[in-house]
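Below is one structure. I have some questions about it.
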Amino acid sequence: MSWNTFGRVLRFTTWGESHGPAIGAVVDGCPPGLALAESDIQPFLDARKPGQNKFTTQRQEADEVRILSGVFEGKTTGTPLSLLIENTDQRSKDYSEIANTYRPGHADYAYDAKYGFRDYRGGGRSSARETAMRVAAGAVARLVIPEVSIMAYVVEIGGDAVDPANFNAEEIGRNPFWCPDPEAAKRWEKLVDDARKAGSSLGAVVECIATGVPAGWGAPIYAKLDADLASGMMSINAVKGVEIGDGFGAARLTGEQNADPMRPGNDGPRFEANHAGGIAGGISTGQPVACRVAFKPTSSILTPVESITRDGEATEVRTKGRHDPCVGIRGTPVVEAMMALVLADHKMLHRAQCG
Amino acid sequence: MSWNTFGRVLRFTTWGESHGPAIGAVVDGCPPGLALAESDIQPFLDARKPGQNKFTTQRQEADEVRILSGVFEGKTTGTPLSLLIENTDQRSKDYSEIANTYRPGHADYAYDAKYGFRDYRGGGRSSARETAMRVAAGAVARLVIPEVSIMAYVVEIGGDAVDPANFNAEEIGRNPFWCPDPEAAKRWEKLVDDARKAGSSLGAVVECIATGVPAGWGAPIYAKLDADLASGMMSINAVKGVEIGDGFGAARLTGEQNADPMRPGNDGPRFEANHAGGIAGGISTGQPVACRVAFKPTSSILTPVESITRDGEATEVRTKGRHDPCVGIRGTPVVEAMMALVLADHKMLHRAQCG
Amino acid sequence: MSWNTFGRVLRFTTWGESHGPAIGAVVDGCPPGLALAESDIQPFLDARKPGQNKFTTQRQEADEVRILSGVFEGKTTGTPLSLLIENTDQRSKDYSEIANTYRPGHADYAYDAKYGFRDYRGGGRSSARETAMRVAAGAVARLVIPEVSIMAYVVEIGGDAVDPANFNAEEIGRNPFWCPDPEAAKRWEKLVDDARKAGSSLGAVVECIATGVPAGWGAPIYAKLDADLASGMMSINAVKGVEIGDGFGAARLTGEQNADPMRPGNDGPRFEANHAGGIAGGISTGQPVACRVAFKPTSSILTPVESITRDGEATEVRTKGRHDPCVGIRGTPVVEAMMALVLADHKMLHRAQCG
Amino acid sequence: MSWNTFGRVLRFTTWGESHGPAIGAVVDGCPPGLALAESDIQPFLDARKPGQNKFTTQRQEADEVRILSGVFEGKTTGTPLSLLIENTDQRSKDYSEIANTYRPGHADYAYDAKYGFRDYRGGGRSSARETAMRVAAGAVARLVIPEVSIMAYVVEIGGDAVDPANFNAEEIGRNPFWCPDPEAAKRWEKLVDDARKAGSSLGAVVECIATGVPAGWGAPIYAKLDADLASGMMSINAVKGVEIGDGFGAARLTGEQNADPMRPGNDGPRFEANHAGGIAGGISTGQPVACRVAFKPTSSILTPVESITRDGEATEVRTKGRHDPCVGIRGTPVVEAMMALVLADHKMLHRAQCG
C-alpha cells in the first residue's frame, strides 16, 4: 500500500517526488479562524532548507510555499489547506546511472520489490525532500497549540555528544548544527567537514522537548501520545530509533531510580524528575514531553559499496549526487514539526471526547 | 480520546479492565478459511500468563480464551472474531487504599487529569492485563503469515546484557527469562530474585526477529513498516524506546560502517549485513526484520515514594499489590504478538495495492 | 474485507452470528462521566426484541445486555464499553436444509462468493440479529447528545401510507407498528396479518426526525452529516433507499417550490419550511434533521422461489424458519439508533475542530 | 470537522474553493504500473465541464488537469497522485453582495454556524466546483477496474421521466442531458430552457449501472458496498436521496414480487431479475450494480426568496450569478465517478482479505 496521511482528526497528506514538478501537502481538519499566511510557514522551511552552508547538501531549493486553499481574508476557514512548493533545482542527470543499480541502504531495491519499478530520480518519493512538507504542515499545527513551545536540537553527531552541563538553549540557533553546547558545536565543525571532504557520512541523535503541554492529552491504548510520537518520528527518513524520556536508559534503572516523585504544586502536581518524558499510560502528565530520535548516517557515500543491478548482476555503487554529510542536522526541524503535528492532533482528539 | 483499535485492514480492538468481569478483543478483517480453535491461541497466552514462577507477579489467572464469533466448522469465516477471557483472580482490596493516591510512574494521575476520575482497581484500563488480548490477537495474526517465523527474547535485564557469542535460540524457552544466553540466564536468576525480595524492580531490553518476511511489505510514507512497528511496540505498557536494526547504535556509525552491501543471491539479493533491520524506506527488504524494545522497571515498588493525593496533599506511596519485578519478561510474548499483528496487516495491505 | 466498525471518533464495532453463543459490541471513544447502567440500554433492546406479537418473528430472545467494561461506579470511564448479549433461542435445525441452497434475495450466495463458505445457521453474520447491537450502542450514543430527541416511525407498509393529517406522535408507541396514524395502524393489522398467514412479506418506509440538533454539525465534504446518515441507514439489513428531507420528491420540485425561506428568529434564524431535512452543505442548520428509509420485504417467504444449490443445480427454496412478515417494523428502533450514533459522532467531531 | 478524504484503501482527498487559485485532489493507494496520462482524465472532465451549452452554467472553465506526482515514464508508481486544476474564470464580483446575506437552500448559513465565517465567493468550499476533482479521481479509479463498465444517465427532470421502452444507451452521449430516451430529450430541451429563461431551476434523477462487477466485492457490515455507494452519492452537492436497485419501490412490493430467482448459468448463477441492484448483504452478486440518485433543483434562482443577513435582519435574496438550471445534468459524470471510486476501493479491499 501507499499511505501518505498522518493524524486522526488533524490530518495531513503529502505528495510529490524529489524530481517531479512540485511537492505538496493537504492539511485537513484545521480549526477555523486561525490567522495564517505563507509568512507563518516560510521561516520553518528556511530552517530546513538545503544548501545553506557546507554542512548540508548543496542542492539549491528556494522552498517557497504557496497556500492554494483553506484561507480566506487571512484566516483558516476550517476547510483543507493545500500547500505547494515547486521543485526548482532538479539535476536529474546526477542520478541517471543509478537507474539500474540499487544503492545499498537506500530504498531503491525495496521500492522495486514492492511496486515493480521506481522513479529513480533522486530517490523519487523515498527522498527526504518529502519532509519539507511535514515542516510546512507542522507550522500550521503550531498555530493549533499556541500554549506549547517546542525545541529540538542535536545532542550527538558521530558518537560525539554534547555535555549537558554546557546546555544553552540560545546557542541552538547560533550554529549550523542546532547544537545547544557551543563547545560541541566547535568540535562538530571539524568532524562534519572531515566527513564531507572524505565523502563519508555521520549519524546523529536529535532531542525534542515540548513544554506547556497540559496533562490529559493522549488516546490510550492504540493512539497513546508516545505511540503516535514513535510512529511519526520513525517515519522520518533515516530514523532508526525513538526514545521517550529516559528511553533505553530506563531499562538500566531500578524502580527506585526511575521514580518520578510528585509533590503538591500550585497548579497541579510538581514532579521532581521526568524519567517518563512527560507521558504516563500514553497520556501527558503536564511535564515537558521529551523524546530522542536516532538518525543513521546517510547511505550516500563516495566510498564504493558492493551492490547489484536490477538484473541481479554484481556491481559497485559510489553515490555522486549532492548529499548531506549528516542528515540528522536537517532532520532537526522535521522532528520539531512531527512533535507539533502529533500534539495538535491530540489536543483536538482530547477535546472531542472530553469537551 | 480513547482509541482501542490497531491495524489498517487487519484490525483488532481490545476492551476490559484489570478488575472487571472480563477482557476481550475483536479481530476484524481476518482472511476466511483459516483453521482456528482456542487451542491455537492458548499456548501463547500460557507463555505470557502470570503466576508461573517467582520471577513474575503472583496473580493467578487461568487466562482461558473463548472464541465467541467468526469461526464456523473450525475455520475463520471472514467475519469478526470475538475473543474473551474472564478475569478470575481480582483481589480488589489490594488496591483500595490507592483510590485517592497517585502512584508515581503509573497512569493514575494522567487518567484522572484526562477523564476526571478513574477505575483505580489494579490500574483499570491502564493495567498490563490488556496485553493478554494482544497476545490472543497475535496468535490469529500468525495464521495470516505462515511464511514468517517470529522470535523475541530478552537481551538485557537491569543493565546486564547477554553475550551475543552465547546466543542459542533453543535456550530461550528453557529458562523463565526468555533468555538466549544460558550464562546470562543464570546471573539473572539471582538479579531478579534479589530485586523481588527487596521489593524493587528492573528494566529490560527485548529483541524481536522476524524471518521469512518477503521484500515489499510496508506502506510509505505514514504507514512505513518501521513506523507501525514503533507505534505498536511503544503502545505496550512500560515501553520507553524502540529501535529498528542498529537503532541508536547506527547514529554512532559512519556511512561506510552502516552500509548493507548487496550481492547476487539465488533468490533475490544476498545482503552482507543487516544494520537496517530488514527495512529500507519503510518497506521490507527480504532480510530478517529486527527491532529492540526498552521496558522501564515497573513503578510498583515497596520503597516509599513521595506523591500526592487526589486532593493535592503530600503523601507517600508504597505499592503492596502483586507485581512483576521485571515486566520486560512477561512483555516478551507481547512484543512477538505485536510483530505478528503488524506484519499480517502489512501483508494484507500490500496485497490490496499490489495484487 | 470485513469492516465492522462505524463512526469516526465515537466508534462502535459489532461482532457475532445469529446462531453463535453471543453477539456483542465495543463502543470506543465515549465521553467519560456519563451515568450508564444496563437499565439505560435494555428498554431500547426490548423495543426491538423479537417475539413480542404476531407481527414479528416468533424467535424468542431475552436480549439481556451486559456491560463488561468501561463503566466504574456507575459512570463511563472514557475507556471502551463492551456490550454483550447471549443468544438463547437458536433453533439451528430450522436452517439445516439451506446449507447447500442459496435463498434468493438473501446474502447466502454473496457470502459464499466472497469468503468461499459461510455460516449458514440463520444467516450467520448477515442476519438482522446484528442490529440488536446497534440498538445497544445507540442507547449509549443518546447519552452523548441529551439535547437531541429522536423519533422514528413507520409511514408506509406494503404501499399503504399514513395520512399526514392524522399524525400523532403519541400514537407511535401504542400500536405494534410504530405507526403515528391510528387509522393506518388499524388497516395495517389486517394487511400484515394477511401477509403473515400467507407466508408472504411486505416492504415498509420508516421516517426519522431528530429535533434539538444545533446548527453546525457535519464534516464536509466526505463526512457530511447526510452522507454519514446515508451510509449508516443503508447498512441496515433490508434497506434499499435513503432520503434526506424531501429526498426523491425534491427532484420533482422547482427551485421556488424547494426553497427554505429564512426569517429572523429569537435564537438563530427561523425557517419557513424544511425541504432540506435540516442539512445544507452536509452541515446541520438547526432545523429538525429528517430522513426516510426504505425497507424491502424480507426475502424469507413460504412461496417456493427458483434457486440453485451450492453445486449449481436448479432447485426451489421455500423458507420455513421464523421470520418477520415486515422487517421494517423491527427496523424502526434500529433507524433511531443509527440516527443517534451518527449525531453523537458528529457532535464530538464538531467539538474537536471548532472547540 | 472537516473530512475531505473518501475511500478505505484507495483514498482520495480533495481541496480547493470555487474562487481560489486552484482545486485539486490527491489519490493515494493507487496500484502501481497503470498507464496514466492527463489525456486519460481530461475527457471525463470535459464531459462535466461548465459552459458547454445553454443548459448549464455559463461559467467558462478550461478544467485542464495536471498530474504533479505519482507517475513516472507514463505509469503510476504506487505513490500518491496529485491532480490539479487552475481556476480561470472567477468572477468574484458576482458574489460580493451575498457576503452578508444567507442564500436560502445554500450552505451559507450552515458554514457560518459551524466555522464562524465563510469564504462567500461562489460558495467557497461548498461549491459544486469540488466535484470536478471527483471526476478526475474517478478517471484514475476506472483504470483499477478495467473489468467494469459504468454508465450513468438522467431518467427524470422536473418530474418528467424517460420511458424505459425508449431506452437506448447510444442516445446518452447524443444530447446535452445524458438522456437515454430521444423523445424525453426533446421534451427536456423546452423544459430546461423555459426554466433557464425564467431564472428557475429543476430537480433530476440520475441512474447509474455498473456491469462486469464480479460477485464478492463489499465489506460487511459497515462498509457494505451499498452503504459506501450511499455515502459517496449523498456527499455530492444537491443530492437528497439514494436508492439501490428498486429502492423505495421495493418498499411497495411483496416478498414474491421482489424475489430475484436464480437459475444455473454458465459462469455462476443466472439471475432472473435484479430488484436488489446487484448487492445482497452488502456484497456484489455478479449482477449489474444499480443505483439511482435524486438531485434537488439548485437553490440559485432569480425569484426573490425571504432570507436574513448575517446580523439577523430580514432581507430578500435573488441569486444573480451564473448557475445551472438543472444541476442533475452536470451531476451525471460525478455519479459515474463516485461509482468507479467505490468499486475500485472495494476491489482492492476484497483482494486484501480474500487474496
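Points to keep in mind about this one:
Just so it is clear, A, B, C and D label the chains in written order, and each chain counts residues from 1 on its own.
The definition used in the following text is that a contact is a pair of C-beta atoms (placed from the backbone, for glycine too) under 8 Å apart; a residue touches a chain by one contact, two chains touch by 3 or more.
Because the structure is predicted, anything quoted here is derived from the model rather than measured.
The equivalent interface to C-D, defined as the listed pair sharing over half of its contact pairs by residue number with it, is A-B out of B-D, A-B or B-C. By number of C-beta pairs in contact, A-D leads when A-D and A-C are compared.
Subunit A and subunit C, compared by their mean Cα positions, are separated by 46 Å.
With each centre defined as the average position of its C-alpha atoms, the distance from subunit A to subunit D rounds to 39 Å.
Of all residues in subunit B, those that touch two or more other chains are 1-5, 9, 14, 29-30, 32, 78-79, 114-116, 125, 220, 349, 352-354. Per the touch definition, subunit A reaches subunit B in the complex via residues 1-6, 8, 14, 102, 104-107, 109-111, 113-116, 125-126, 130, 156, 158-159, 195, 200-205, 214-224, 226-235, 240-248, 250-264, 268-269, 272, 275-277, 279-286, 294-301, 303, 305-308, 312-314, 328, 346, 349-350, 352-354. The touching residues of subunit C, when paired with subunit B in their complex, are 1-5, 9, 11, 13-17, 20-24, 26, 28-30, 32-33, 68-70, 72-73, 75, 77-82, 114-119, 124-125.
By the touch criterion given at the top, residues 9, 29-32, 78-79, 220, 348-349, 351-355 of subunit B touch subunit D in their complex.
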